[in-house]
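Some structures are shown below for you to check.
Both complexes below contain chain A, partnered by chain B and then by chain C.
Presenting the complex of A and B:
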């Protein structure tokens, strides 16, 4: 097994080196995309934590918006220092999710999907309707940026990329640890057997709420990172179309593993922003995106992660592959 | 004041009729296929652009263009069924995602074919009926109301009285049992997709001169349709019609007396309240385990 471990560490090191070196091989506009991509990774991974309990929400992007708006308002109107306002914004997003849990978790499945959508849409329309303090349809402009750290200016995409990388890296580590803790295992139990979990004394409502609040906290953090980078937020940025993208990333990547959604968002963003743009498709991009989506649902129903599993199985020794196969069949 | 009130009632009746056409189509597709068609708003948009292409660019008579809209969008529905709803029959979430993909394709096609800007259509008739002093119903709106009543009655008779209708309802209740009775699932889903999509198409075609189509018009339509089918109870055709009327009246009155955004918020809150009090909707049966 030692050999296996070395390969794993080498892979992790190569990944880290690649992430650190990435901005130096990209053009300026591609660096901006890389910043947004890192933020979206946090968004989609936090979304997956939510789906662990089996409920698919359509309000996740609005919750991200709550974090963005709150952090922007704290920093701009109340003069809270920016790193602190980000945490406050994320906390507020978690709080909003906690309040929303009471009506929303009376529903399940498809009803929850639509209920969360409606709740999100109400929040979004409130931003749109009240010019004070939310700025109405135009949103909030001139959001204070992250203050410079010595000589490092964070308005440079390259530096902001590293900041996001650190914040998102820590967040991903926390999310990973949560999933592999007792709490995470309870989430899985609620997903597959909620009645059984209840019968052995698990308060399913509380755990669903916990998953929702935790996921919303990190979504809010992603929103805050976004707001202080772009400098402006408006209600349209957080509409259901954006939510559609999050859903697509998660589904195309696959949600059975931790890395599935990350794979989805990275591959689709690279295809969408870099390959299709450089090929000269511009207005036709959504169409190709749509076609890729349909094709992936039809021909890759378990997501991109199932390809990775296949590759892994092919590279490991045949005996291992066989036992993995058996484990999967018996599961 | 009375005129304004009555005029708002007339407007609400018009809104209720096209909304129920759209919502009933969505419910029919959900009932028979068990999948939420996210591209339903874009089917409505496709119907509207059929009228733009045929009536305002090629001078086909308006009613012929509307009929063409029904058939064209119905055919789009059949295409969707063949391309992904049928292979993904056991995977409702997959069907939903695929319909989002189809939505993007339709939207982009409209952008490429007609541009992003609003298409203005000269109304086929300017005539109007004066119901009272200050209360006006244009013929164009009357068309929509009459067509909605006629099409929905025809659908009702089809579902209740014909053999196909019985088979379709049997499929909606229990697919396997229906298949055991010798009903062809493929045939039934194909017809249901044609009718469901066609209803959305005809709603788009009829309202095209009144709303100035844009490629992104489907978004607000699908939001409204979701609210209606939730309030009415998913899979309930009668519920969809009643909820459409309820929603149209609430929305139109709040828009007239307050503001459009407030009306949207009120509509969504209405839906949330219904979901919290009776999570299966006003007409929904108890959810089968």
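Presenting the complex of A and C:
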């Protein structure tokens, strides 16, 4: 048991050191990718929280956009200081989700998927249609950046990377705690047997709404981090193609564990942006990327996380501990 | 025995032109085991679903502890102590056994959102786990607490369903066909469990097909036929009631 804990701590320390040192081994353009990757980690992990209740949304990236637009507008038009505007943007994304819950959670499963897509498109059309305040199809430009902290300038990808690391780190901690508390247990319960959950007093609508609002808050935060880094947002950035990427990250990584989607987004981004780019297949890159996706779904239907579970199981020798672990993971 | 804990007054439920329950009246005494029986299609399950909030009544009222609860949602009813179970093995099969019961402790384990994140809810959750273990022991399943639910034998799964319901602190528990698909030995054990549940001060109402179990268990039996009340009484009166026998077996004229 103790040995186990030491291994865990060593692994965590190594991971932390790796994350801190990472920008120093990357090129400038790779550092920019690293910033976006950290933001995308928050996006996909927040998405997973939503899927715990069994509902898969197609509006998550648009909700991220709500956070991005809101934070940008708060900062640019109302002069709200940037870190605060990010929180306000995230809050507004949560609020929008709360309002959307009323029509959307009248549906389940496939219908919810379509409903969330339609709701997202409505929001995107609102951005496109109203030049004031959303800037129409061109979106918002010259979004105020995060102000310098002493001599630390956040337009430097390296410094913004650390900022994102801290914000995303705290967010992931909160999301992890939520999942491993009774709230997470109730989400799972609603996923597997919503009628039974209701029969013991769970208000399933309220909990579905809670999952949606929380997921949207953190997606909005990811959007705000994005907006103040890139400096511009537009409706196309948050279209359904981007949503496709989130789904791919979640599916390839697997959604049974907390780290599955993180694994998905990191591995796929590294393969796509670093390995394939450096190998120089410029035009063939999307094709190879697609082939990797198909292969991973065919050969690893339970996601990359299932590989990790296998490795873990191989290391922990006692068979019974292993099956108990798996049972807990699947629960 | 005291006054009624649950009362159904002039209850009617129609689906389109079909009247599934027609002007039904009965009362469940506090502390009793009350059976609701009738041939297939008599409207038992519909009655059950109206009482437990799955359907709202077309006409009439459901009175629980003197309060009109007609059309109240299932979760709200659970909140005030009216808990139902389900036919078959409706459980969180993906959870461990104890986590099933922990979900059942939902009502007694309220805590603020922030205490969930900071871990300040630890005492509440420890109490819920403690309670879950106690309930599993009550059903002689304490040793199975950490097993995956899907591997439990049928009888244990049914008992677990009761444990989940009991975890929610019911004043009255509604059992939907608790004996279906059980062999005589399992039925015997289940009957024993139901009696022990009543001993905990919980009123029991059950819908059931297994006549032997119903007759052996219930204090009062309400018999329905074609959506209406046929008769009501103790097992021995119901058993010898001509109308009941006719409803189940057909009258001499029908048979001819």
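Note that the second predicted complex is superposed on the first by the 317 of 331 C-alpha atoms of A that agree within 3 Å, B and C clash if a C-alpha of one lies under 4 Å from a C-alpha of the other, contacts with A are read in each partner's own complex, and residues count from 1 in each chain.
As a convention for this text, a residue touches a chain if its C-beta (ideal position, glycine included) is under 8 Å from a C-beta of that chain, and two chains touch if they have at least 3 such contacts.
Predicted, not measured: the structure shown is a model, and the values here were computed from it.
A.B. asks: Does chain C touch more residues of chain A than chain B does, or is it the other way round?
C.D. replies: B
A.B. asks: So, does A:257 touch the first partner chain B, the second partner chain C, both, or neither?
C.D. replies: Once the two structures are laid over each other on A, A:257 reaches no partner at all.
A.B. asks: Going by the contact rule set out at the top, does A:56 touch chain B (first), chain C (second), both, or neither?
C.D. replies: Only chain B is touched by A:56; chain C is not.
A.B. asks: Once the structures are superposed on A, label A:196 by its partner contacts, choosing first (chain B), second (chain C), both or neither.
C.D. replies: second
A.B. asks: Between chain B (first) and chain C (second), which does A:188 come into contact with in this model arrangement: first, second, both, or neither?
C.D. replies: Second partner only.
A.B. asks: Can A:107 be said to touch chain B (first), chain C (second), both, or neither?
C.D. replies: The answer is first: A:107 touches chain B but not chain C.
A.B. asks: Taking the superposition as given, does A:177 touch the first partner, chain B, the second, chain C, both, or neither?
C.D. replies: Once the two structures are laid over each other on A, A:177 reaches chain C alone.
A.B. asks: With the two complexes superposed on chain A, say which partner A:286 touches: chain B (first), chain C (second), both, or neither.
C.D. replies: The first partner, chain B, only.
A.B. asks: Return first, second, both or neither, reflecting whether A:204 touches chain B, chain C, both chains, or no partner chain.
C.D. replies: Touch status of A:204: second partner only.
A.B. asks: Name, in rising order, each residue of chain A that touches chain B in their complex.
C.D. replies: It comes out as residues 56, 103, 106-107, 110-111, 114-115, 117-119, 121-122, 125-126, 128-129, 239-241, 244, 247-248, 251, 283-287, 289-294, 297-298, 301.
A.B. asks: Okay, in this complex, where on chain A does chain C touch?
C.D. replies: 174, 177-178, 181-183, 185-186, 188-189, 192-193, 195-204, 324, 327-328, 330-331
A.B. asks: Which residues of chain C touch chain A once you look at their complex with the stated criterion?
C.D. replies: Within the complex, chain C touches chain A at residues 52, 73-75, 78-79, 83-86, 90-96, 99, 102-104, 106-107, 109, 111, 113, 116-119, 121, 125, 128, 146-148, 164-165, 167-168.
A.B. asks: Provide the residue numbers of chain B that touch chain A in the complex, in ascending order.
C.D. replies: Interface residues on the chain B side: 36, 83-84, 87-88, 91, 93-94, 97-98, 100-105, 107-109, 111-112, 219, 223, 226-227, 230, 234, 259, 261-262, 264-265, 268-269, 271-272, 275-276, 279-280.
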